[in-house]
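Structures given as structure tokens follow.
First chain A sits with chain B, and in the next complex the same chain sits with chain C.
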Partner chain A sequence: MSGDALATIVVSALVLGSLYAIMAVGLAVVWQALGIFNFAHGLFMTLGAYVAWQVASGASWGLWPGIAAAVAASAVVGAIACELLVRPFLGRKDVVLVAVITTLAGATLIENGVLLAWGGRPKQLPPLSTGTVDIFGAALSAHEATIVAITPLILLGVWLFLGRTRTGAALRAVAQNHEAAALMGLPAARLYALAFALAAGLAAIAGIFLGAIRFMSPAMGGDPLLKAMVVVIFGGVARFAGPVAAAYLIGLVEAVSTYAIGLYWTPSVLFLFMIGTLMLRPQGLFGGARR
Partner chain B sequence: MTMRKALIGLVVLALLAALPFVFPVPYIRHIFILAFIYAVVAANWDLSLGYGGIFNFAHVAFFSIGVYGYGILTKIAGWSPWMALGAGGVLAVCAAVLVAIPVLRLSGIYIILVTFAFAQLVLQLVVSQSGLTGGMMGMVGLPTFQIPGYNLVRDGKLGYYFGALILLVASTGFLRLVVGSRLGLAIRALRDDPDYAAARGISVARQRILTLAASAFFTGVAGAYYAAYLRIASPDAFGVSLLSLLLSILLLGGLASIYGPVVAALGLTFLSETSVDFGPWRHIVIAVVIVAVVRIWPGGLWSALRRIGRRHPS
Partner chain C sequence: MLLEVSGLSAGYGGITVLHDLDLRVDAAETVGLFGPNGHGKTTLLKTISGLVPARGGSVRFAGTDITHAKPGRIVDLGLIHVPQGNLLFPDCTVAEALALGAWPGRARAREAANRARVEDLFPRLAERRRQKIHGLSGGERQMLAIGVALMAEPALLILDEPTLGLAPKVRGELAAAITALAAGGLAMLVVEQDLRFLGAVAPRLVLIDRGHVVLEAPSATIDEDAIMTRYFGDAA
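The block that comes next holds the complex of A and B.
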């Protein structure tokens, strides 16, 4: 393997890892707070990308207002989805299962809503920054370089929010014991909605990242959601660092596998890798105690 | 009481058997054939998910394995369609045992994720082996069922209607047998209190393998029947839309009820097939209906029907 190839693999691993980390952290936040798995998560990504496209390219107000609008719109829809699709069922014994079907229904709703609003023609977002950057001999678009550079900042922001602010502490308290938290006067319903909004806003950012690399379609969220699922299984959700580390590791495995055996077999390699890991360590690679 | 139940069962069966003669419209038969097949798949899923409490999301993959098993065995290996029908069930059971291995040590949401990933893995395999499976295009023109001198598709699909009804009755009988057996008691005990059940000597690993294998057989047969009826095997059989349709049938019908999925399969298949022309709105309406029903009748349609039956004892 030449140095060029190595650099290409590393760069590709970092870009994929960034994307997966942002998606997976959102999944993990909702999972931690509500104990459910949100199958509509990929659609918040789609929604964000399309809102950003509408503001940035459709109305030509520029990319940054587009990003702001996308994150806001996704967060609002996320909070509404939590209120309508998840919270009514929280006390139920079969909530895990019911949440699968209601969030799947939510995903269907958003996907077809996007299809009605914007049609099925592929669209593309403008890149975050233009031009190319040369790192260790690998030509990298400035857009991808921006993704790699700002993702750690975003993740740091989320980590600080969850770990260092009162709201973040309240969110964690509700996640650990919602009855005790409610007795302490924490507004559980609002905190659940906040967890969903935070996750959806993060997904919107991932959608903006991806929307300038690949073409956008109403079904664009499916593949990243699947990868984010692999990531959270892999990393476990017990600690914030788990899914993040797993995201970059999965990005690396995917990049190496794509280079070595091709795009076609890569998903199978990932899934086999994951099933194998779980047989040896059922709680995930970096998982400690599980929820 | 059991006499009355048996009587109701016989009346329903007689009505279903008379239906194709009362409404001699092939389109209505088509909807019922699909509904019977979906009912078999959903009711068998109920065995692992509702009775066993195992969140097995590879169940739809068992169905697809039946579909592709039928396609490959009849078209490439040249088996007779009837042999391939049984083989579809056997292949699905083998897949179930394979899935059971990683599932044995996991619990709750992790099982959902791993089984979901298993289904995706099978899909990847099917799509990549395009020489055998036709890849993304799938397989078309599969052979249909024949009994000597008669093709089941003749007379407005009459043969397929009764075939599907027999399949549904056989599968329902099988499920009632399993649920009432020692295995059925053991898996419910494990679902309700795993620690106590294990302390009483029930082996978690063995029951999980048996449950998954038992739930796979008729699911695979239904897949093969589906392939023989539509004469295609396509990767759509792995799709999220089929998964969510079947899961909705199961949840709307009510968990751990066997008959609930049958009722819900008829309702949802009817809704889904008659709204084919409405494009995106079709999916939106179905999604809203699903959430509304789960919200209004937490126990599913079957328990709602039973409650009505109890309020008005006839």
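The block that comes next holds the complex of A and C.
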């Protein structure tokens, strides 16, 4: 393998890992606060990318206002989705299953809403920064370099919020003991909405990352969501580091497999890798989810 | 009067557990609540703190009608309920749980002072500050549950069987702490099965039987034998 190829694989692994980490952390936040999996998560990514496109390219107001609008819009839609699709069913014994159905229904609605509003023609977002950067002899687009550089900062911010603030602790606490949380005055409904808004805002950022690499389509969130699901099954959702480490690992596996085996078989390789790991370590790579 | 429960009824589904129940707690007073298991003590506490809806009657706290108030509003008013066997949040640390105890806005200003007070009362919590709650012993967890409640600056503290299932030594530590809280002027409503313990902390005892208050008397005048007869029938 030439040095060039190695650099390509590493860069690709880091870019993919960044995307999956941001998506997976959103899934984990919702799981920690509500104890459900959100299958509409990929659509917050789609929605974010389209809102950013509308503001940045459609209205020509520039990319940064587009990013701000995308994160805000996704967060608001996320909070609304939580209120309509999930909260009415919390407390039921089968809430995990019900939430799969209701969030899938929400995903379908948002996807077709995006199709209706923006049409099916592929679009592309402007890159976060233009030009190329030279790292270890590999020419890397400045956009991808930006993704690789700012993702750890975003993750650090989320980690500090969850681990070092009272509101972050409340987000994690509320699903662990509803009765104790209520008796301490924790506002469960608002915390649930906040968890969804945070996850959706993160997904919007992932959408903006992806929207300048690949073409955008109303279905663009499906594949990253699937990968993020693999990541959280792999890395667990109980701890913050689990999904983040797993995201970069899955990114690496995907990059190696795409280079060595080809794009077509890569999803199969990922799932084989996951199934093989789960047969050896059913609790996931890093301890996995308790509860 | 701090807490005034009048004619309260409550229950679950088709079963009424509390029937037309009256109870009052004065400011700075500690009232002990006892009675056979399954006769409505826990339901009464949960109805007071808004977890179980009242079906009739009223609950007034510090002059406010809280009969149909949500738990969060009741916490904001300073009525703090430590439920039976509180497991708190297994994946959070001791320090995080104490910080969450200070969630109500009015408790934020004196958070550091309250934390120092709690760690003074339960030095073991200070040692375990950074530990996860699932690693605590039963006694430590109960200490933390009370500590978390104290962080909210309660005007009335409700404790539901704080020494349930604990070893005698830990039970003694908790009894000493609860007595110290009562001596400090904190109003409390304490449920316990151990009458001697209850008599030591609470000057006034209330016996609940089949969802009614059947006896209310200063603890000094309570005849333990008569109570035992009520629980277990005549010894003869």
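Rule of thumb we're sticking to: the second predicted complex is superposed on the first by the 289 of 291 C-alpha atoms of A that agree within 3 Å, B and C clash if a C-alpha of one lies under 4 Å from a C-alpha of the other, contacts with A are read in each partner's own complex, and residues count from 1 in each chain.
The definition used in the following text is that contacts are C-beta pairs under 8 Å (C-beta built on N, C-alpha and C of every residue); 3 or more make two chains touch, one makes a residue touch a chain.
Not measured: the values here are computed from a predicted model.
Colleague: Let me test your reading of the model: by the given contact rule, A:Ala72 touches which partner, first (chain B), second (chain C), both or neither?
Modeller: neither
Colleague: Just to be sure I read the superposition right, which of the two partners does A:Ile80 touch: chain B = first, chain C = second, or both, or neither?
Modeller: A:Ile80 contacts neither chain B nor chain C.
Colleague: After lining up the shared chain so the two structures overlap, which partner does A:Ala170 touch, if you call chain B first and chain C second: first, second, both or neither?
Modeller: second
Colleague: On chain A, which partner touches more residues: chain B or chain C?
Modeller: B
Colleague: Would you sort A:Val133 into first (chain B), second (chain C), both or neither based on which partner it touches?
Modeller: In the superposed model, A:Val133 contacts neither chain B nor chain C.
Colleague: For A:Leu90, select first, second, both or neither according to whether it touches chain B, chain C, the two together, or no partner.
Modeller: The answer is neither, since A:Leu90 touches no partner chain.
Colleague: After superposition on the shared chain, which partner residues are touched by A:Ala180: those of chain B (first), chain C (second), both, or neither?
Modeller: second
Colleague: Overlap the chain B and chain C contact sets on chain A and report the shared residues.
Modeller: Touching chain B in the first complex and chain C in the second, residues 290 of chain A appear in both lists.
Colleague: Given the complex with chain C, which residues does chain A contribute to the contact?
Modeller: Going by the criterion above, the answer is residues 166, 169-170, 172-173, 176-177, 179-187, 238, 290.
Colleague: Which stretch or stretches of chain A touch chain B in the complex?
Modeller: Residues 31, 35, 37, 84-85, 88-89, 92, 94, 96-98, 100-102, 104-109, 111-113, 115-116, 222, 226, 229-230, 232-233, 264-265, 267-268, 271-272, 274-275, 278-279, 282, 290 of chain A touch chain B in their complex.
Colleague: State the interface residues of chain C toward chain A in the complex, per the touch definition above.
Modeller: Touch residues, chain C against chain A: 49-51, 71-72, 75-76, 80-83, 86-92, 96-97, 99-104, 148, 152.
Colleague: Which part of chain B faces chain A closely enough to touch in the complex?
Modeller: Result: residues 49, 55, 101-102, 105-106, 108-110, 112-114, 116-118, 120-121, 124-125, 128, 240-241, 243-244, 247-248, 251, 255, 280-281, 283-284, 286-288, 290-291, 294-295, 298 of chain B touch chain A.
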